[in-house]
Structures are given as C-alpha cells and as structure tokens.
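Both complexes below contain subunit A, partnered by subunit B and then by subunit C.
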Partner chain A sequence: MFGFSRAQLISLVILIAVVIAAPFFVYPIVAMQVMCYALFALGTNLLMGSVGLLSLGQAAYFGLGGYTAGYLVQSLGLTPEIGIVAGGLAGGLLGAVFGWLAIRRQDIYFAMITLALAQIVYFGAVQLTGFTGGENGIQGIPRSALFGLFPLANDHAIYALVAVVFLIGVVFVHRVIHSPFGQVVRAVRDNEPRMVSLGYRPASYKRIMFILAAVLAGIAGGLKAMVMGIQTLSDVGIATSGLVVLMVLLGGIGTIFGPIVGALIVIAMQYYLAPFGAWVIVIQGGIFVICVLVFRRGIVGELAYRLKSPL
Partner chain B sequence: MNEAVTEAVLETSGLTKRFSGFTAVDNVSLSVKAGSIHALIGPNGAGKTTCFNLLTKFLQPSAGKITYRGDDITHLKPADVARRGMVRSFQISAVFGHMTALENVRIALQRERGASFDFWRSDRRLQRFNDRARALLEDVGLGPFADTMAAELSYGRKRALEIATTLALDPPLLLLDEPTAGMTEQDVARIVDLIKRLRQGRTILMVEHNLSVVAGLSDRITVLTRGRVLAEGNYETVSRDPAVITAYLGSDHA
Partner chain C sequence: MVFGKPLPLLFGQLLLGLINGSFYAILSMGLAIIFGLLRIINFAHGAMFMVGAFVTWGLLTYLGIGFWGAIICAPLLVGLLGLVLERVLIRPIYKLDILYGLLLTFGLAQVLQGLATNFFGVSGVSYDPPAAFARVVNLGFMYMPLYRGFVVFAAIIVCGGTWFVVEKTRLGALLRAATENPALVQSFGVNVPRLLALTFGGGVALAGLAGVLAAPLYAVNPGMGSDLIDTVFAVVVIGGMGSIGGAILTGFGLGIIEGFTDVFYPPGSAVVVFVVMAIVLLARPAGLFGKAA
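Moving on to the complex of A and B:
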C-alpha cells in the first residue's frame, strides 16, 4: 500500500497507535517535542541517508522556522498554521540559497560549509533582536486558534495538530524516497559518474533534496515554537545541529523509522537524565559511542538488517 | 564505406592532456566519420581511456579543440555532452549495483522522458518504461535477469547491462571503452553481433584490446602509443605497418 513494504506498513500502524496512545501515558509536551524533532530528523536523513551528505548546520533551518512562526504569531497576531507554513517556507528559501552554495563541495568540505553558514545564521539571530529577541528569544508565543477557529490552548488539541503534521511528514518522506526523483537520487548515490555520462546533472537533484530537508526542518521548528510557546537561540545553535545528526545515526541512517526512534531516545534521555545536570551530555556521548560500536547501522537499521526488510 | 563523401561527426585537433608533467594524450587529431565504426587501439597506458575522458569532458584538455557535429564542445560539461547525443560506456563496468537490471535501464529512459524530478509521485509511474527497458535487456541477452540486482550479475553480464543502459538513450554517437574486456568468448561474440546491429543510424567510436574484434568490425583504426597517434587506416593498412607491429604487438606480448 502506497509503496510501503509489509514490515514498513506494520511499523506505520504501530507508530500511529503509539502516537494516539502516548498523551495518555506521558506528558503530551514531551511526546510533541519528540514528534517535532522526529520530523526534523526525517528531513535531515533525506540528506544523510539518501544523498549521503552530512550537514552540520541543519539547526539554521529549524531555528529560522521557529523564529518565523514565533514572530508572525506573536508580533503580527497571525494564526498558527500560517506561522508553521511560513516557517517551512523560510527554511526552504534559506535552504535554496545555502544548498546552492554548499552542494558544489564534497564530504568534509560540505560539512564544513554547512556548519559555517549555520554559524552565520546563529550570529544573525543574536544580532537581529527585533526579529529574534536576541539573547531572550521570543517568549510567550500565544497558542491562538488554528485557522482562527480551533483553539489550541489545551495540550490535547495542539497534540492532535502536531500528530497530524508529523504523520503526514512520515508519509511524505517515504514518498520522496520512493518517487521517480528518489530513484534518480539512489542511482546518483550508487554511481555518480555513470549518471553524469547518461546526461544527468546530479547537483540539481542534491539541491532539491537539500531544500526538502530544510523545509521539513523549518516546519518542525515552527511547530515546536507553537508547542513550547518560546523560541530561543539554542534552537539555532550548533548543539541542535549535532543533536539531529545524533538522532539519525542512533535510529538508523537511511531508514524511514530510524530518525523517529532516534528522536524518541535522545529527547527521552534529556528529560529523564535532567537530574544529572551537565552530565547529560557526557551520558549521551557515552550512549552514542556504545551504539556506534554495537549497532553500526543504528537501532532500526540493525532491525531492518536482521529482518532483511527495509524499515 | 564511401568515406570520401561522409563528413566527420567528431573531430579533435591537437588534443593534449598533461598530468603534472606527464603527457598522457599528446597532440592527437582524430576524425570520426558519420556512420562509421572507428576503433582506437594501443597498448595499455597508451592514453585511450584518457582520450575518452577528454572527448566526453570528464577531463578538461590541457590543449586542443574538440568539435562535435560542427560545434566546438571543448568547454562543455560532461552531462551536456551526453545530452547532445555523445554517450560513453566505461572501461570498468559502471552499473548501479543496488538496483535491478530493469531499474538500471529505466534510469536512462527516465531523464529524457521527463520523469526525474517529480518527488511527490509514486515510483510506480516508472513502470510505463518497463516494456522498453525489457526489450533493451532482451537485445543484450539479459532478458531473464531483469529483476536481478546488478551487483549480483557476472562481469560479462554487467558489461552487457551497461551497454543496454547506454542504448536506452539511443545515442547517435556511441563511445565504448573496451566493451568486451573480461568477457568469455561466447559473450564477446554476442557483443560483436550487437555492435553490428547497433551501427544502423549511428556512429561508434570504440576502444578495444581484442584485435579480432577490431578486425571484423571497424572501418577505421587509430593506433595510439604513449599518447600519440602512431598510425591510422583500415585494418589491412594498420596491421601491416611495421611501427604498429613493434609498438603494439611488441609491448603487448612482452
């Protein structure tokens, strides 16, 4: 169905069940945060898994999406759906410019360029206080009514919105990978010179993937700003860029469900390890090292390998 | 062949490639006539593959000019050369290993027929290319392997798949780099047959090591040694040339 394999369909059903049940068992706020980061990681995985490019600057699009949505809703009094869509568009536009600059580079140079560009955005966010609130960030973003009709003040109401956007994101990412475009990207990954000799211009396809990843990051950032009611500098910083890469690697690079599992683990760790204070980062680092040593394919990647089926 | 009246599709003048002091291709002037099969032969390291890389723009020449159908293509990008109808195969088999044989051929059909950018559509849309792709696979004897992963095919079959993929673009000028290298005799015979059928309506420039293949197929042969053109002509002329016998056969049998 919809080009999902059997194992993927089962996973999707489980995922939907978990999404529906979660707010009754855990803080809805935590579950929503997981979904926002999962959406962000799904996009990042389009670059890492499908194209094979490691971006160290994905927080730029995530953060810009958050600031855009936060600014429009708080300062201009627009409705949340406009904020979130605008967040995605802003992320995509920035991705179009940065992708154009970065895609010409390969490997480590690509990673360095994306990092450098994201740092420019970070310093921009510090300086442009009229838009970002600088060090204070944007505080108290109101949860105004969706389309001006459906109030989101209740956690369960906004949860429904986040869940729908997130699940659409999952299906969308699967579709991109299993589209004629996705097929070209796979072939480029497999043998780029051969694709060039067949008349393809691989950079165009990589750029589109870069933009798609940035759009998803922007939507995720906008959604998260709506959920949390605040938008701060940390969302646009290098630590967030690192965090999303960690989520993808932990869950399983190049899988559909890996980034979701990765986001769940990383966010859950942040919550449950919070009492350890600064040690969180050390513990996270330790878990990451162990995971890389034990499951080189990531958790879902390892599972898919054992089941001999894509997940 | 009425060589006198047919014009050149592809011409080079003074084509030169230096790699940090070492000249791999040295002042080569080629003229490939429309509708002919032109062979480029020479011992290992003569510069044949480098020549191909220059012609298809995978490498930028240090000097010289390349003209294709009257247009100067010296500064074109490799993808644009392919789009103009000059398509190459590689010496080291170039297939998409993680894709099936059918998908390999389809990827070539996909670009021309405008189905390579739509990321919102299902890849089931590509099934409309299946018939054409299967026909191409049949042509190279890979009919039964349509659903086999390319990486799992034998070496000879990978080469055949690469040719089928190249043919999917129906290129007017086909550049084959040692199409029969590493193949069994049976496979070689099939590829030679295929090339004979392919020549209808197109020009073929091929690098070949196997002399018997060249003898039966080519209208014109250029012999390259150490990056330079040593001799040129039909098989009879070239194979009797004493310089060719010493340079080519000499080092080949050393």
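Moving on to the complex of A and C:
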C-alpha cells in the first residue's frame, strides 16, 4: 500500500501506536526530543543511505533552522508554524549553497568539506549575536499559539504538533526513496559512470537530495527550538553533526526506520547517562567504533536482513 | 607603518601565523601520509595531538622527564599507541568502504577526548616552556618569545626531515610504490601489512610531536585537538592530499593568511581558512597540489 512493503506497513502502524502512547508513559519533552532528532536523522540518512555521501556538517542546517525559528518567534513575535517553515527554508537555502560546493568532490573529501563549511556557520553563530544571541543562545522562546489559534503552552498540545510533523516526515522520506527520483539516486550511487552514459546528470540529483536533507534538518531544528524554548551554539557544533551520523549508523544506514530507532537509543542514553558526565562521550565513541567493526548493518538493518524485507 | 598598521604588530601576527601554520603543516602532512597508503582519513589525528600534549605533561609530572626527554619519548609513545590501534581497530576495516575509516576514527577521537575530560577536566593542565627558552629576545623590529621561534624552527626541521624520508630514501620509495600498487610491492617480498602499520604509527607519532611542541604554548586540554582538526581538514582539502610538499606549503601559507586576517579583519580570522577552501573548490576542485580524482 502506497509503496510500503508488508513489514514496513506493520512497522509504521507500530510506530504510530508508540507515538500516540509515549506521552502517557515517558516525559513528553524527551519523547519530543527523540522525534525531532529522528526527523533530523531521517534527512541525514537520505544522504548517507541513498546517495552514499557522508556529511559531517548536518548540524549547520539543524542549527540554522533552530535559530531562524527562535528569532522569528521570539524577536518578531511570529507564530510557531511560520518559524518552523522558515527554519526549513533557511536550512534548504544554506543546503543549496553548501551542497553546490561540496558535491564537487567525492567521499572522503565531501565529508571534510561539509565539516569545514559547517564550521563557517558555527563561527558565524558565535559572532552574529543580534541574530543568535552568541554564547547565551536564544532563551525563553515563547510557545505562542499555532496559526494564532491553538495554544501550545501545554506539553501535550505541542506533542501533537511534533508527532504530526514527524509522521509526515517519515512518510515523505519513504516516498522520496521509493519514487523514480529515488531509484535514479540509488543507481547513481551504485554506478555513476553508467548513469552518465544513460544521459542523467548525477550532480543535480545529489544536489536535490542534499537540499532535501537540509530542509528536513532545518524543520527538525525549528521544531526542537519550539519544544525546548531555547536554542544554543551546541546545536550547530560538530558534536551534533556526529550525533546524527551515529543515530543513522546505529539504526541502520539506508533503512526507513533505522534513524528513528537510532535517535531513540542515543537520546535515551544521553538522558539516562547524563549524571556520568563525559563518560557519555566515551560510550558514544565506543558505540561508533563497535558499529563500524562488527555491526555495520545497524539494528533495523540487521532486522531487515534477517526478515529478508526492507524496513 | 604598513597599510596603516604598526610594523611590530604585523611581524607579531606573522610569527603567530607561522606558529599556527607549523601545526597545520605537521598535522596535515601526517594525514596525507596515512591517507596515501592506508586510504584512511584519520579523524583521531587531532586527538593524537592532544594525547601527545598530555603525555608530555605526564612525563614531567609523574616521571620527572622534562621537555627535551618528552620531545623524544612522547612521539614514540603516541606512535606505539598508533601501532596498537592500527592492529586492533583499523586493520579489520581496510577492505571496507573508505567512509568507514572516517566513522571509526571519529568514534575513536570521541573516546580519547572523553577519557581525557574525565581524568583532567575540561580546562586541562598547564606546562611551562623549557627554561632555556623561557625568555623574550629583541629582534630590533619586534620582541619574540624565544620558545615561539623554536617551534617554527622545529616545525621546519620536522617537515623537511619527513619530506626527505618520503621523497629521497629507499624506505620512502617503498612507501610511494606501495601507495601506487600494494600487491606488486608485496610480490617483491616487502611485508606490506607491516609497512601499513608503521606508516600509521609514524603518522600519528608526528601528531604526537606536534602535541609536544604545543604543550608549552597552549593550555593542555582535552579539546585542543578537536579545535584544530577541522581547520586541518580544510587545509588538506585546499592542498590536495597528493604531495607531502604541498601539505607543508599549504599548512604554513594558511597559517600566515589567518594571522594577517586577524590584523585587518579580526572577526574573519576564525573562518578565513574555510572561505579559502570554498574559493579553491570553485577554481580548482582537486586542490592546489592535487591530481584530479
């Protein structure tokens, strides 16, 4: 149905059930954080999985989305949906420029270039204090009413908004991957010279995927700023770029549900291991290393492999 | 006065640029050597630099070995750590996609930095320059802390020495041959896996040496490597990883550009290297000294 395989459809139903049930069992803020990062990771996986490009600078779009939404809602008094959409647009615009530059090189170089470009955004965020608040970040972003009508101050109200955006994101990413466009992108990944000889322009396909990933990152960043009411420098830093890559790797590169499971585990880990300070970083790094050495399919990827069905 | 700036200020920034350039050059050279043979971008290179600085501090604090002992021992210890890491973690992934090496070393860098933070705290420790260099000399046009001059001098010696070994000796010839065609070199009876291990060990030993040089200059702290590594990556993209000489020239050149940017447009100094990278990508995507991929 809608291009979903049987296993994917069952997973989607389970996911929707979990999303609906979650706020009654866990702290809604944490559940919302998981969904924001999952949306961010879904976009990153479009690059890692379908295009086969590793970006180490996705935090630039995530952070810019958050700053844009935070600034518009707090300083200009606009409504949340405008902030979130503008966050996605800002991420996408930056992605268009940076993608245009980074696509000129492949694999290793691509990763280093995306990292270096993201550092421009980071240092920009440090210095443009009028927009970003510099070291202090943007604090106390109000949860104004959605469309000026529906109040979001209550955690459960904003939860509904985040859940809807997140689930639309999941279906959208699935559609992109299984569309003819997604097929071409995967064909480019597997054999670029052949696609060139068939008359395709690989660069423009990669660029569009890069922009889509940046838009999703921007929307996720904007949502997260609304949820937390605060936007700080750590959201544009290299650590966040690494975190989202870890989520994709741990969940399963190239799967639909992998990034969601990855986001759930990584955020839960950060939340529960917070009292142990820097050991969280050590453990995260260790998971990175173990995933690369012995668990390259990731959790959902391994499950899909056992079930012989894409997930 | 030149361009409306006092001359001592310009020379001071030139020296600062040369010092930063020294670290860029040594680190990007090590990255290029490792990448050339192993096809792995060592994200943990900055962490190795940080480990080198902490080892220098540890040698003095726990064993009473001073700077001159550390400049020999610390790179050896870091190189040894490199050999172990290569054997345990990196050798199993040689056959995999090139990106897994980056992911693995990224995780490794986090582990090392996290451990250092646990043991030494975020602000780290401090280390004094060797007594012989703890003074300032008057060069006539500027005052120069002697240790800073020594760092630039040492970096030039290290870079020149490494260039000589790689380009002019038999070992270097083997290394370059194995970069071109490892299977053929192995068929001539060369132990290529050992050569790979030694290359990784040697490359990170260079990072360790840079860490020794940096210890008296900066606060020895867990983040010192990660602060540097993204600039070094940009240097590597600008120079291309094709040649050792290219890495050295690009490293020093960008350090100087960064230093002068700080004089004429201070807010730009943090990003100038990245902006140069973007321009180079537009004009020469393969890098200044790179061969088209």
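Heads up, the rule we're going with is that the second predicted complex is superposed on the first by the 305 of 311 C-alpha atoms of A that agree within 3 Å, B and C clash if a C-alpha of one lies under 4 Å from a C-alpha of the other, contacts with A are read in each partner's own complex, and residues count from 1 in each chain.
Here, contacts are C-beta pairs under 8 Å (C-beta built on N, C-alpha and C of every residue); 3 or more make two chains touch, one makes a residue touch a chain.
Predicted model, so just to flag it, every value in this text is computed and none were measured.
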| item | value |
| --- | --- |
| First, second, both or neither for A:4, with subunit B first and subunit C second | neither |
| Partner chain in contact with A:305 - subunit B first, subunit C second, else both or neither | neither |
| Touched partner set for A:201, first subunit B, second subunit C, both or neither | first |
| Which superposed partner A:245 touches (first subunit B, second subunit C, both, neither) | second |
| Which of subunit B and subunit C A:131 touches, first, second, both or neither | neither |
| Which of subunit B and subunit C A:193 touches, first, second, both or neither | first |
| First, second, both or neither for A:175, with subunit B first and subunit C second | first |
| Contact residues of subunit A, present in both the subunit B and the subunit C interface | none |
| Partner subunit A, residues of subunit B touching it in the complex | 56, 58, 77-80, 82-83, 87-90, 94-99, 103, 106-108, 110-112, 115-126, 165-166, 169 |
| In the complex with subunit C, residue positions of subunit A that touch it | 54, 56, 101, 104-109, 111-113, 115-117, 119-120, 123-124, 126-127, 238, 242, 245-246, 249, 277-282, 284-289, 291-293, 296 |
| Touch list for subunit C against partner subunit A, complex | 35, 41, 89, 92-93, 96, 98-100, 102-104, 106-115, 117-118, 226, 230-231, 233-234, 236-237, 267, 270-271, 273-275, 277-278, 281-282, 285, 293 |
| Residue numbers on subunit A that touch subunit B, as the complex places them | 2-3, 175-176, 178-184, 186-187, 190-191, 193-201, 204-205, 208, 212 |
